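When the chains are written out, they are named A, B, C and D in that same order, and each has its own residue count from 1.
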Amino acid sequence: MAIDFRPRWTDTDLELYRDTAVRFIEREMLPDDGAARQRGHVGHALWRRAGEVGLLCSDIPEQWGGGGGDFRHEAVLYEEMARRSLTGMSVSVHSIVAHYILNHGTEAQKARYLPRMASGELVGAIAMTEPGAGSDLQGIRTRAIRAGGEYVINGAKTFITNGLLAGLVLVVARTAPEQGSRGISILIVETAGCQGYRVGQPLDKIGLRAQDTSELFFDDVRVPADMLLGGEEGRGFAQLMSDLPYERLIIAVMAVAMMEGAYHETLAYVRERMAFGKPVAEFQNTRFKLAGVATSVKAARAFVDRCVEDLVEGRLDTVTASMAKAWASDLQGKVVDECLQLFGGYGYTNDYLIGRMYVDARVQRIYGGTNEIMMEVVARAL
Amino acid sequence: MAIDFRPRWTDTDLELYRDTAVRFIEREMLPDDGAARQRGHVGHALWRRAGEVGLLCSDIPEQWGGGGGDFRHEAVLYEEMARRSLTGMSVSVHSIVAHYILNHGTEAQKARYLPRMASGELVGAIAMTEPGAGSDLQGIRTRAIRAGGEYVINGAKTFITNGLLAGLVLVVARTAPEQGSRGISILIVETAGCQGYRVGQPLDKIGLRAQDTSELFFDDVRVPADMLLGGEEGRGFAQLMSDLPYERLIIAVMAVAMMEGAYHETLAYVRERMAFGKPVAEFQNTRFKLAGVATSVKAARAFVDRCVEDLVEGRLDTVTASMAKAWASDLQGKVVDECLQLFGGYGYTNDYLIGRMYVDARVQRIYGGTNEIMMEVVARAL
Amino acid sequence: MAIDFRPRWTDTDLELYRDTAVRFIEREMLPDDGAARQRGHVGHALWRRAGEVGLLCSDIPEQWGGGGGDFRHEAVLYEEMARRSLTGMSVSVHSIVAHYILNHGTEAQKARYLPRMASGELVGAIAMTEPGAGSDLQGIRTRAIRAGGEYVINGAKTFITNGLLAGLVLVVARTAPEQGSRGISILIVETAGCQGYRVGQPLDKIGLRAQDTSELFFDDVRVPADMLLGGEEGRGFAQLMSDLPYERLIIAVMAVAMMEGAYHETLAYVRERMAFGKPVAEFQNTRFKLAGVATSVKAARAFVDRCVEDLVEGRLDTVTASMAKAWASDLQGKVVDECLQLFGGYGYTNDYLIGRMYVDARVQRIYGGTNEIMMEVVARAL
Amino acid sequence: MAIDFRPRWTDTDLELYRDTAVRFIEREMLPDDGAARQRGHVGHALWRRAGEVGLLCSDIPEQWGGGGGDFRHEAVLYEEMARRSLTGMSVSVHSIVAHYILNHGTEAQKARYLPRMASGELVGAIAMTEPGAGSDLQGIRTRAIRAGGEYVINGAKTFITNGLLAGLVLVVARTAPEQGSRGISILIVETAGCQGYRVGQPLDKIGLRAQDTSELFFDDVRVPADMLLGGEEGRGFAQLMSDLPYERLIIAVMAVAMMEGAYHETLAYVRERMAFGKPVAEFQNTRFKLAGVATSVKAARAFVDRCVEDLVEGRLDTVTASMAKAWASDLQGKVVDECLQLFGGYGYTNDYLIGRMYVDARVQRIYGGTNEIMMEVVARAL
């Protein structure tokens, strides 16, 4: 009897969708992953192919070119990528961007961008973090000053996922610099042919080597005034807050799936690998370590599944999502570390999935709000 | 906004039942707990009162005098006792015994015992462990040898919960000594006036001081042949195995509830307690520790809730229940330990709930199968 | 080859002294420990016997009736008691009190008290903590107001080790209430026949059951003005600070020794105890757990040994001593917990050394300054 | 007052030697480290320069061209490289190889190789591990069959440190295949112009990117019979065993130094980095984390210092060295992980020392014998 980690929230339709995702992943992503890690990005073609087969914007209404599904469709795709540590193409950030537009954009903005995001023509990015402001978003300095029918954007952003390939960047900026969090707005920037917009060198990260995380520079970038997300100034902070459960749950979903992937991969390895005349799987230390891993994964699955169900039913609060993000990513760190150890020297190489997982997993405790910030959020709610 | 740990599986009826349980606990158990810890047992009267108000055998069909509910009713009671560390009256072992009779007993056995167990007249105990055999039940030596219309039982048992107060003891014994696990049967022993039956000194445990854990001695104890559980020899091991999910989940349920209790109690304490001019609750270390505890409890709640739902629907397997037992009790140890620390010196006293929890919690990783044995069970299923 | 945990700082003389200590402990302390845990104290006779054989004030100069040794002599005794979890007779607090008198007392105070402390006639206690002030000593309210040739003491102290048996109590009190830490002094109170002095009920602790930790009440207690420690008002805080390395290192020394004791006891147990046809010591999980324990103890031994050497040479600073206190007591908690688990159900009883260790060890992270306060001390020095 | 982590075993001479090492490191290693990580090796020139300034073979007698120092000189160099995560040039493996020759080689072998190793002309490597045998060295298959005045070597090795640059490889091989560990010998292979010897692609490791870890292939490689280490067949296993304390202690020394480096780097960072209007260093969570790190480092320093002193005095046993290796590298993993977190997103990049440390540190629990094998070694000695 093998241990069953199937999500509780799945059904036949979703499993069919999963088959599509797996086929795409195995045919189009896996074979290129090594090269993408060298290159530092997955390339535009892959995004377009993903759009073609219907894997982008799966939870955006069909009316806007999306898949018409719900968060579970998104989760299916994240799971299948995360369990293989295919971390180059950040569909998650892309979807987050699409959700900002869906939830807060004007009708014109939705019509203009969502279909092109669903097709993969436009890759989405969101630029909050700056060299001087990460956890504390209120410290951002980028400005978008209204000048006639335009906003003039100046500033520098860093650590922007999909930064190189992005065709559409949501820029969090101060439209009323003197006003604190009330003076923050989100601007939509189309990068193609954009004057004054520059993508820096790709960041030399220890993992996520296929992901194009970049610095972005804005020097007198001008966008038409209707590029203000939602059309009203000073709403940026509230817009950012309202989508947090969605964003944080994605990280938790990926954590669980990577742990499952690590578990299966490790189990297979230790059954094959011989030492002292028997499979490594037969040492009691190995057995207990893997039993512990399986137990953790089972618990994590239950927790995150419940959050997924709650999100789909519209009742997942930010505190619970922050808990899930922190707890699952912490656990992911431990689980991947323990699994790697069971591979001996081979675990220390990029040739093995577990080695790639190790370097990729580390960031999960940092981005999307560090786990310390998650604890702050929870502590405030006690 | 306070964090919500309500079980997902509850409903209005169950919450009414919970009110009954809480009333009973607060009126009849709490006030006597200190004295019971001195005495080493809760006394027969309490069991009878619990029976009267309908708190015993809540998941045994009404036909046999039970409450006609399901596992969730049991869980409600365990939760409310565990969150107050009222560990003297082991309703759980009592219910486990009732389930053996319900699931494996003959009609006559059910009719004879279940109503008296539901009323609290007969307290149930189950005697597996022996001085020389705990984890490895196949090592037991107690014998029940058929002699005419009787079985003659000889042997010694130890660590038997409810040992002093028990009116009915299920004795796991060898009926066919030469046959390994196939030669093991369960005998029903009524202790009242039973010749050759003796209860030893109560064990001097570090915690569960109100619980009458005892050694039991059987010297030529004679019981009629129809006291064989189920009426067929050699079925003991299979009978024991089949009820494991139920037994292990109880421990997990209690773990979660005690953690919740510890969390609430600690939060209240640190809000009141002042140091260096402010409430202890305001130090970031305290805040992060409690946020971590709340997060753990939330995860544990989700995992155990799912197991409860699965059990009620008849699909909880032994492996998952063993995971839940080990994982939840490990976490309980950590959580209670961390909470105690936040009480400073007061946490180290029996006057504070957290101090009693600390000593009570430790056993959860040991009884019901040690957590090492749980890992063995899981490892075999990988 | 057995693993060697001998302290580096020992020598032949010290080992002879150790023999004396062990003989005393095995003949006079061990046999009564169970009864003392029932009673709640070890009794005056034991203190006198310890004085007779030269085990008290071993590091006080001979001139004052002491043993004329150094901290290593003290350490030898703490080690031998701690490895057996003989925690009833707090020689450590006694020695700390003697050191206050030695280091800060007037000649008259030394002459009057040290010889009687060395003989065991006077048991020492130090009363800092109050119901409302533990970590934050500046919050104490007990007052000692000068009135003519006397001080009049009013206030309540709690958690006072040796509280019941103490003949001499150092009371930390405000002599100049309006002055903050500068207004704090230490008064010497002889308890015999002291008017207005009252010892409360012994605290009902979860461990250290043989230790008489008590509340002390001072209602208009009058002491002659020359009972002011050192003879100068307002020096209390400085006096307390200057002895911290000594006090904290004692806790670390006891932690290491208890871990060694736990290790040896557990190793012996698992070698004897059989499960599944072999000694529990042969399961790889057991082997790795014990190897981990042995490794931790070895590291702890090295760290604490170095601190002992530094203390003897007069160069142990408060920060390093605080590190040792926190680190060693944290580790002690983990090690004792892991060892207990290997005893199965037996570990959960007071009949086994490991069970008593478990409840005794918990306080080490709390008293002598909580480990959070230790981290504060270290953090300030970074 | 800053916390002092200076090794206890150092003295003025050693600190002068340290200055030399630091100068070399800062002038010649640091500036090239980024390029070396790209290239995958540090290049021959660096080795020669290190030889010139006297940093190679510092504990080999002057008679053989070495520095005439002891293990402390080696330790000084490892410390200064490890605290900067300069992991490309494995002086440690080089020294280990030199020690094999010194301790087990014939006079001719010493004379032929040690001077050239000390000058950096010949880089040393030791080839034990094979694709099919890592932890279990008895499983190696590489053969060295005597044929006239030569040995003919066939087999494949993997994970060989300094594999690309090595001029001298010690090859562990079976000279008497049928004889188990008694049939194992060590052969000296000079790689320059060696027929049948081939270095594989550099391994694509997740860290130690500047270190040329390689596969080595031996196809009918012929070496003169006097290339047998020590001149006697079947001594290989014993030779390997006798140098274990030396090898394992090196890893522990590097672990401590890297932790110190991580601590200092992190402290500096959090003091500068602002969030929510104050330095990150001022949040209590940061303060306690760093205090915990400092405490761990202090303990580790004490443990490893004692081992160094013991090694220098010739009394460090394999068990204690194995404890130090496992314990220190485990701790290193935790400490570096915690420090990285305090850098937020920047910690996840190779531009920051802490990011490089993170990927470099992971291997310390694996090579030199995995930490599981260390626990086996310890367990056998209990």
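As a convention for this text, a contact is a pair of C-beta atoms (placed from the backbone, for glycine too) under 8 Å apart; a residue touches a chain by one contact, two chains touch by 3 or more.
All of these numbers come straight from a predicted model, not from anything done at the bench.
K.L.:
Farthest from subunit A by Cα centre, which chain is it? Let me know.
P.N.:
C
K.L.:
Could you let me know which interface, A-C or C-D, is made of more C-beta pairs in contact?
P.N.:
C-D
K.L.:
Between subunit B and subunit C, what is the separation of their C-alpha centroids in Å?
P.N.:
Averaging C-alpha atoms per chain gives centres 38 Å apart.
K.L.:
Taking the mean of the C-alpha atoms as each chain's centre, how many Å separate subunit C from subunit D?
P.N.:
Chain centroid spacing, subunit C to subunit D, equals 43 Å.
K.L.:
Based only on mean CA positions, could you tell me how far subunit A sits from subunit C in angstrom?
P.N.:
Chain centroid spacing, subunit A to subunit C, equals 53 Å.
K.L.:
In subunit D, what residues contact two or more other chains?
P.N.:
Residues 283, 285, 288, 372, 375 of subunit D each touch two or more of the other chains.
K.L.:
Between the chains shown, work out who touches whom and classify the graph as line, ring, star, complete or other.
P.N.:
Drawn as a graph, the chains make a fully connected set, so complete.
K.L.:
Mind listing the subunit B positions that touch subunit D in their complex?
P.N.:
283-285, 288
K.L.:
In the complex of these two chains, what residues of subunit C are touching subunit D?
P.N.:
Residues in contact with subunit D: 1-3, 8, 267, 281, 287-288, 290-292, 294-296, 298-300, 302-303, 305-306, 317, 319-320, 323, 326-327, 372, 375-376, 378-379, 381-382.
K.L.:
Under the touch definition given earlier, write down the residues of subunit C that touch subunit B in their complex.
P.N.:
Touch residues, subunit C against subunit B: 129, 132, 134-136, 139, 158-159, 203-207, 274-277, 283, 285, 333, 337, 340-341, 344-345, 347-351, 355-356, 358-359, 362-363, 365-367, 370-372, 375.
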